[in-house]
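Order of writing sets the labels: A, B, C and D. Residues in every chain begin at 1.
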Amino acid sequence: MDTNLALVLLFAPFLGFLINVFFGKTLGKSLSEIIGTLSVAVSFAVTIYFFLQINQTKQAINIDLFDWIQISNFKVSFGFLLDQLSILWLLFVTGIGSLIHLYSISYMHDDEKMHTFFAYLNLFVFFMITLVIGSNLLVMFIGWEGVGLCSYLLIGFWYKNQEYNDAAKKAFIMNRIGDLGLLIGIFILGHLFSTLDYATLKTAIAGATDLNMYWLSAAAFALFIGACGKSAQIPLYTWLPDAMAGPTPVSALIHAATMVTAGIFMITRLNFLFDLTPDVQSIIAVVGAVTALVAATIGLVQNDIKKVLAYSTVSQLGLMFLALGLGAYEVAVFHVITHAFFKACLFLGSGSVIHALHGEQDMRKMGGLKKAMPITFITMLIASLAISGVPLFSGFFSKDEILLVAFHHNIPLWVVASVASIMTAFYMFRLMFLTFFQEFRGTEEQKHHLHESPSLITFPLIVLAILATIGGLISLPGHSWLNEYLTPILPKLASAEHHLGTTEYMLMAIAVVGGLVGIGLAYAKYIKQNTVPTEDSEITGFSKVLYNKYYVDEIYDAIFVKPINVLSLFFRDTIETALSSLVFGLGKVTNEISFQGKKIQNGSIGLYLLVFVLGLCAIVSYLFLAQ
Amino acid sequence: MNNILNQIGIENYIFLSVILFCIGVFGVLYRRNAIIVFMSIEIMLNAVNLLFVAFSTYHQDAQGQVFVFFSMAVAAAEVAVGLAILVSIFRNLGSITIDNLKNLKG
Amino acid sequence: MNTLIAIIGLGVLCLLFEIFNLRKAIVPITIIGLLGVLGLTISEFNSAESYYNNMIVVSKFSTTFSSLFIVLTIFLVALGHNFYENHQSKISDFIAIKVFLLAGAVAMVSFGNLAMFFLGIEVLSISLYILAASDRMNLKSNEAGMKYFLMGSFASGIILFGICLIYGAMGSFDVSEISALSQSAELPIWFPIGIVLLTIGMLFKVAAVPFHFWAPDVYEGSPALTTALMSTLAKVVAMATLYKLLSVMNADISESYKMVVVVISMASMTVGNIMALRQTNVKRMLAFSGVSHAGFMLMTLLSFSTSAGSLLYYASAYSLSGIAAFSVILYVCKNRNNEDITNFHGLGKTNPLLAAILTAALLSMAGIPIFAGFFAKLVLFNQTIQAGYLALVIVAVVNSIISVGYYFKLILAMYTKEPNEERKGTPVVIYAVAVVAIVLNLVLGLFPSLVLDLLA
Amino acid sequence: MNVSLILIILLVGAFATFLAGDKLASKVAFFFGLAAAGCSIVLLNHYNLGENISFINQWITQPNISFALKADGLSMAMLLLTTVLTPIIIFSSFGNDYKNSKSFYALILFMSFAMAGTFLASDGLLYYIFWELSLIPIYFIALIWGNGDAEERKKAVVKFFIYTLAGSLFMLVAFVYMYQKAGSFLLEDLYKLNLTATEQLWIFLAFFLAYAIKIPLIPFHTWQANVYQKAPTVGTMLLSGIMLKMGLYSVIRWQLPLAPLAAKEYMYIFIGLGIAGVIYGSIVALKQKDLKKLLAYSSLAHVGLIAAGTYTLTLDGLRGAVLQMIAHGFVVVGLFYVAEIIFRRYETRAIAEMGGIRSQTPKFTSMFLILVLASVALPSTFNFVGEFTVLYSLSQINIWFAILGGTTIILGAYYMLKMFQHAMLGETNTKIFADVTFNEGATLVIIIAVLFFFGMYPKPIIDLITPSLQEILTQINRIN
C-alpha cells in the first residue's frame, strides 16, 4: 500500500509530464493546465497522507524497488526512503508546487507553448520528489541532476532569445561543477563504507572504530561543493541571478523555494557525516556568512525587481548554510520552510507586477502600484516584513534563531549575519517603495492598462502570504514542534536545551531593531527624499562595483571561460595541426626520400654495373677480409 | 700437363684468370661502346673458361673441360642475341654507345 | 625428367605449328599441352628420382615449384592470345620462347649438377633477353633488352666464375658430392668465395638491392606481357633456384653470411618500397614492389630446414596476385603507349569487375587478410622470428606499412578519379585469367595448408 | 545453436545484397541485419541457459591456426551491440539515396561480419584477420560514398587506413612472437604463457599501438576527426558506434590478460593518457565548427575515459568500461544520425549555419536533446551507469584521476549544450526544417528507448558481462 502510494506520489507528476509532452497540443490549453496542476496536487495529497501517517507512527518507510547499479563492493538499489525529513520537504515541494502550477495557469496563459511549460514544471516536480525521497545518494543524484536539467529547460524556456539560453547553459554547467564535487564525495563514501544508502551509511559511520578523518573530511568537503553548486553559494552562485531569465513562476518554484534548497537538504540528510568533520563545518559556516553578506550588498543596488529577489535568495541561502555550518540543521530547515513561503510569495508578487506591466522588470519604471494592485501589494508587503525579520512574521523566528546560533558559536559570524539581515530589510523595502509607492514612472500606455492580476494569480499570493505570516508557528522559541518532529533525523535535538535567557532576548531585540533600521533607511531614502535610482551609465564609485556584482562574472570569464576557449583554439589550431602534420610528415619525408632516390636511378648502365661491382666487393670484403 | 701445373702452381692460374676477369669487369665498367662491352664480357667468360681447364687438369677430371664447351656454346648464343638487339638499336638510334640508352630511368 | 622432355617437345611443336600454318590453334593447343604437363608433373610428386648421373633430380621441391611455374606459364600463354593479336606472324615464336623458358625454369629447380643449373639459367635468361627486346621498333623495348642483356650476361659471368671456383675447390659439379664434401674436410677459400659469387649472381636475377637497378628500367621498357612474365615467373624461378642452391650445397651457412642476407633483405624491402612511392608508371611501380618482395622472400634463406613450404607459398601468393594485376594492366593499357597511372582513372566505374580484381591483387601484395599475401607474410614472419631475427621482422612490418602507400595510390586512382575515356570490348581470356588467378589466390588465403603442407 | 551461424548470415547477406541489385539492396541488407540480430538474441538465450557457445575447427596446421569462436558474456554483449546497431544503422540510411547502393550495403554487412568476428574470435590470428578485414569495407565506404572535397577526403581516408594498419601490424608481430612460445594462437594457450616482464612490456606496447590508434587515444587520434567528418554518416556510425569499441574490447580481451605485468607496472601512465584524452578531447570539441567533427572529439573524450577505466584493472573499471562502451555506441550513433537528419534538410554540417530549428520541430528537438543529455551522462540514462562506474573505479586508484576524469561531466556539458544552443535554439531559421519522417523518428526512438531502459535497469547487462570480466581479472592477476 505504502509502496503503491509512494509510486503514485512520484509518478503522478511524471505522468503529467508525459501527457503534456505527447498530447499537450491536442489536449488544448485548459486540459493541459488542469492535468499539469492536478498531477502535482495528487502528489501533495499523498504527501499529506504520509505526513499524517508518520506523525502517528514515527516510522520511516523504506521502499526498495530493484538493484540499479552494481559496484564491486556494493550495490545501489533503486529505493525510496520516506522519513520525517523527506516528507517535510515533500510537503512544501508539492504544496508550493501546486500553488505555483495554479499561478502559472493564468501567468503563462498567453504563451503558445503552455503545454511544454507545464510539462517541464511537472518533470521538475518529479525529479525534485526523486531527489527528496531517494533512499541513497545515487538515487538522490538522479533527482539532483534532473532538477538541474529542468532548471536548464525552464530558464531557457524562451529559447529564441540566445541570452536566455546562455543563462540556462550557465546554470547547468555551474551546477555540474558542483555535481562533480558531489560525485567525488559519493565515491569517497562508497570507498570508505561500501554503501551509499543513508541508513546503512549512518550505522556504518556510527559503528566505525577508526575513521579515517582525512578522507571523511574530504568527502564532506566534496559533498559541500555539490551543495554550493545547487544552492548557489560562493563561489558557484553567479548562475542564480542569471537564471531569472526564466518565467517568473519558475523563479519562484525552482530558484527560490525548492531546487536551491537541495543542498541544505543533502547536508541535513548527511548530518551524521558533517557532525564528524568540524573543519568542513567551519568552512560551510564561513562560506554561508560571506555569501549572505556579499549577495546582500549586491542586492542593495540592483534595479531589476527579479534580480533583487535573486540576490536576496542567495543571501538567505547563505544564512541557512551558516546555520548548517554551526550544526544547527533544524534551524536551517526551519528557515528553508519560512523562506520558501515568503520568497515564493515575493517572486509570485513580482511576477504579478511584471505581468501587469507587460514584461517590465526595471523598478525605475514602476512606482505607485499599490492602488492599482492592492492584493499584490499587501501580500508582498507581508512577505517583505517576514523576510526583514519583523516580529511575529515567520521570518522573524527563523532568522532570529540563526543569529542566535551564530552568536553562541562565533561573534564575528553573528555580526556578518546581522549586517546582512539589516541590508536585507533595506533592499526589500527599497523594492517595495520603488514599486508600489510614489508616482508611476512608466509609459502612459502601461499606466492605462494597470490592473490587479486575476484571481488565479492572487489566490496563491494570498495563501503564501498567510503562510509567510504564520509559518513561524512550527518552531516557536522554547516550544518547537519542528525540532520534535525532526528528532529521529537529528538525534541531538533530543538533548538540546530550550530555554530563553536574557542574552536571547537581547539578541532578538537587536535583530528587530536592525531590521527596523533597514526599513527606516529605505523609507528615508526612497519615500522622504523620493530618490529614484540613477541610469546605469551614471552609477559611479563603489555602487558601480556593487551594481556590477563585484565584476565576479567578468572575473570568472577571465579566469576560466576565456582561458578554456583560448586553449581550445590553441589545441584546435596548433596542437591538432602539429600532431596531424607529424603523421603526415612521416609520409612526406618518405616521399621526399623516394623523390631523391629517383635521381640515383638515372638510367646509366655504367652506374648500375658500378654499384653491382661495389656491392659485390663490399660483400666479399665483409665476409672474408673483415674476419 | 701435370708437371707444368706442378711447376707453376694452381694459384698462379687462379691469379691469371682473376686478373683477366677483372680486366673484363673494368672493360665493362669503363667502355661505352656496346661492342667493346660485349667483348669485355667475353673476356670475363673466357677467363673463367681458362680457370675451368686449369682446375680440370688439377683435379684430373674431365668434367671441367666439358663444362667449358657448355659455357662457350652458351656464350655464343648470348652474343647472337645481344648482337641482334644491338642491330635493332642501331637501326632505331643510329648509334651503339650505351650512354645513349638513358630513356628508362627514375 | 619427363616434365622437362614434355615441355621441350611442346616448344618444338609450337614451332612446327607455324610451319603447318596452324597459328590459330597454337595458344589453345599449348595450354592443353601445358595442362597435360602439369598433370604429369603432379603425378611425379611422390616419386623422388634422379636421372642421367644426377643431372636431374626430381623431388617434392622440384615438382611443386615446377607445377607452379607451369601454372604461371599457362596464364601467360593465355594472356598472349590477346596481347599478340597484332603480331600474328610471330605468335608461334613468342609462345615457343615462353615454353622454352619454362623448360629452363624447370631445369633450374630440378638440377642435380651445376652444369644443368647453368644451362637452365642461361636458357631462361636468353629467352628473357629476346622477349624484353621483342618489340623491335620500339626504342624503349630495345633499350630494355640491351640493359637486361648487358647486365644479365655480366651476372652470368659472375655465376660462372662462382661455379668455377666451387669446382676448383671440390672437383665436382654434382651438388650432392659438393654438399658431402663441404661438411667434412678443411675447405679451400675458393669454395666460400664461389658460393658468394653464385649467390650474388642469383641475387641479381631476383633483383635484390644493390643488384636491382636493371629491374625497373627493364620492366618499364619491355612489352607488358614480358614484364608480367619477368615479375612473376622469372622472379619466383630465380628465388626458388637460389633457395635450392644454397640449401642443397651448403646446409649450414655461417652467421656472418646470414648477416649479409639479413642486410640485403632489409635493404631490398626498404629501397624497393620507398622507390615505388613516387612512380607514376604502373609497371615501374610493380618492379620496385617486386624488389621489395624479393627482400621478403630472402627471409626464407635464414631458416632452410623449415622454410621451403613458406617460400612456395609466398611465391604462389605473390605470382598469382601478380598475374591478376598484370592481366588488368594488359587490359587497361592495351593500345596505349604507356602504363601511366592516369590510364587507371575511373576504372572502378567503367569496369568494376576488373577494378575489384586489381584491388584484390594489390591488397594481397600488401598483405591484407584474407588474401594469400597475408598468410605468406605471416608464415615468413613466424619463421624469421623463430630463427631469431626480430629486427628484420620489424623492418619488414614497417615496410609493409609503406607499401600500402603506393598500392593504394592505384586503388585510389581507380575509385576516386573520373574516367578519362570509354574502354570497349570484353576480352574473355583476360577476364578468365584475372578471375582464375585471383580466385586461386583467395583459395590459397582461405586454405593455406593446401600449399604450406606440401613441403613440410 | 552454432555461433558461426551469425557470421555466415552476415557474410551471405553481404553477397545476397550485392546480387540483389541497387533497388533492393537496402531492404535485403536490412533483412539480413535483422536476421543476425535475431540470431544473436537466440544465442544470448542459449548462453543464459548455461550452454557453452563455442566453435573450434583446425584451420591451418602449420602454423597452427584454428577457426575458433567463443562467446562468453563479454563477447555476447559486444556481439549484441554489433548486430543490433547494424540494422539500426542500415534502417537509418533508408532516407538517403546512394549511388551503386548494392556495393554500399554489401560493404556494410561485410564490415558488420568482420566486426562480429573480431568480437567472437578466440584464436589470436583469426581475431587479427577479422580485425584487419573490418578495415577494408570502411575504407571504401568512406572513400567512395563520403562527402566533401575528393582530394581532402582521399588524404584523410588513406591516412586513416595506413595509420591503423601500421598499428595493427605490430600487434601481429606480438602475436607471432607469442606463438613461438605457445605453439598455438588459441587464447587459452596464450593465457598459459609465462612471459618475462620485459617480454610483456614489448607485447603490451605492440598491442597498445594497435589499440591506441584504433580507439583512438591521444596523441594517436589525428585520423579520427577528419574521417568522421568525411565519411558518409552510415560509415561514421559504424566507425564510432562499433569499430572503436573493437579497440576497447581488445584491450580487455587481449592486451591486459596477455601482458598483465606491464599493465600493472605502467598503469598510471596509461590511465593518465586516457584521462588526458578526456580533457583534451573536451577542450578541442569546444571550438569545433563542424557538427560531425565536434561529435568526433566528444567521442575522443568519452573513449579516453573508457580506456582509463579498463586500465585500472579493477572489476569496476572493466565493467564500467564495457557498460559505457555499449552506451556510447548507441548514443553516438544517435547523435551522428541527428547530424545526418539536419544535413538532409539544410545541406550543411556547420553549426553556425544552423540554429532556430527548435521552433520548427519540437519532436526532433526533444530527441536531440535527450541524446545530448545521454551523452553528457545524465543519471537515468545508460551512459551514467557506465560513467559512474568508471569514475568510481578511477577514484579507487587515485582520487585525482576521478576528479580530472570527472571534468568530462563539466566540459562535456559545456560543449554539448553550446552546440545544442547554436544548432537548435534561437530565432526561427529562415530555412524550412521539415519534421522528422517516420523512419527517422523510429530510429531515434529505438535508440533512446535502449538508453533509458538500460539506464534504469542495467542489471541484465551487468549480469551478462560480470562473470567473464571476473575470469579475465583472474587471468590478469595470475602472476603476482
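The definition used in the following text is that contacts are C-beta pairs under 8 Å (C-beta built on N, C-alpha and C of every residue); 3 or more make two chains touch, one makes a residue touch a chain.
These numbers come from a predicted model, not from an experiment.
Chemist: Would you identify the chain whose C-alpha centroid lies closest to the centroid of all protein C-alpha atoms displayed?
Modeler: Closest to the centre of all protein C-alpha atoms: chain D.
Chemist: Name the chain pair with more contacting C-beta pairs, choosing from A-B and C-D.
Modeler: It is C-D, judged by the count of C-beta pairs in contact.
Chemist: On a C-alpha centroid basis, what's the spacing between chain B and chain D, in Å?
Modeler: That gives a centre separation of 66 Å.
Chemist: Once you find the CA centre of chain A and the CA centre of chain B, what distance in Å lies between them?
Modeler: Each chain's C-alpha centroid was found; their separation is 98 Å.
Chemist: Could you state the distance in Å from the CA-based centre of chain C to that of chain D?
Modeler: Roughly 43 Å, centre to centre.
Chemist: Rounded to the nearest whole Å, what is the centre-to-centre distance of chain A and chain D, using the mean of the C-alpha atoms as each centre?
Modeler: The answer is 37 Å.
Chemist: By the touch rule stated above, which residues of chain B touch at least two different other chains?
Modeler: Counting only residues that touch two or more other chains, chain B contributes 28, 98, 101, 103-106.
Chemist: Scan chain A for residues touching two or more other chains and write them down.
Modeler: 587, 598, 601, 603, 605, 609
Chemist: Could you list the positions in chain C whose residues touch two or more of the other chains?
Modeler: As it turns out, chain C has residues touching two or more other chains at 147, 150, 154, 216-217, 405.
Chemist: Enumerate the contact residues on chain D facing chain A in the complex.
Modeler: Contacts found on chain D: 155, 159, 162-163, 219, 221-223, 225, 280, 283-288, 314-316, 319, 356, 358-359, 362, 366, 373, 378-380, 385, 388-389, 391-392, 395-396, 399, 402-403, 406-407, 409-411, 413-414, 417-418, 421, 425-428, 456-459, 462, 466.
Chemist: State the interface residues of chain C toward chain A in the complex, per the touch definition above.
Modeler: Chain C residues touching chain A: 147, 150-151, 154-155, 158, 189, 192-193, 196-197, 200, 204, 210-211, 213-214, 216-217, 256-257, 260, 271, 274-278, 402, 405.
Chemist: Write out the stretch or stretches of chain C touching chain B in their complex.
Modeler: Spelled out, the residues of chain C in touch with chain B are 115, 118-119, 122, 125-126, 129-130, 133, 136-137, 139-140, 142-147, 149-150, 153-154, 156-157, 160-161, 163-165, 167-168, 171-173, 190, 216-218, 220-221, 279, 284.
Chemist: Enumerate the contact residues on chain B facing chain A in the complex.
Modeler: Chain B reaches chain A through residues 25, 28-29, 32, 98-99, 101-106.
Chemist: Could you pull out which chain C residues touch chain D in their complex?
Modeler: Those in contact with chain D are residues 309, 348, 352, 363, 368-370, 374-375, 378-379, 381-382, 385-386, 390, 393-394, 397, 400-401, 404-405, 408, 412, 415-416, 447-449, 452-453, 456.
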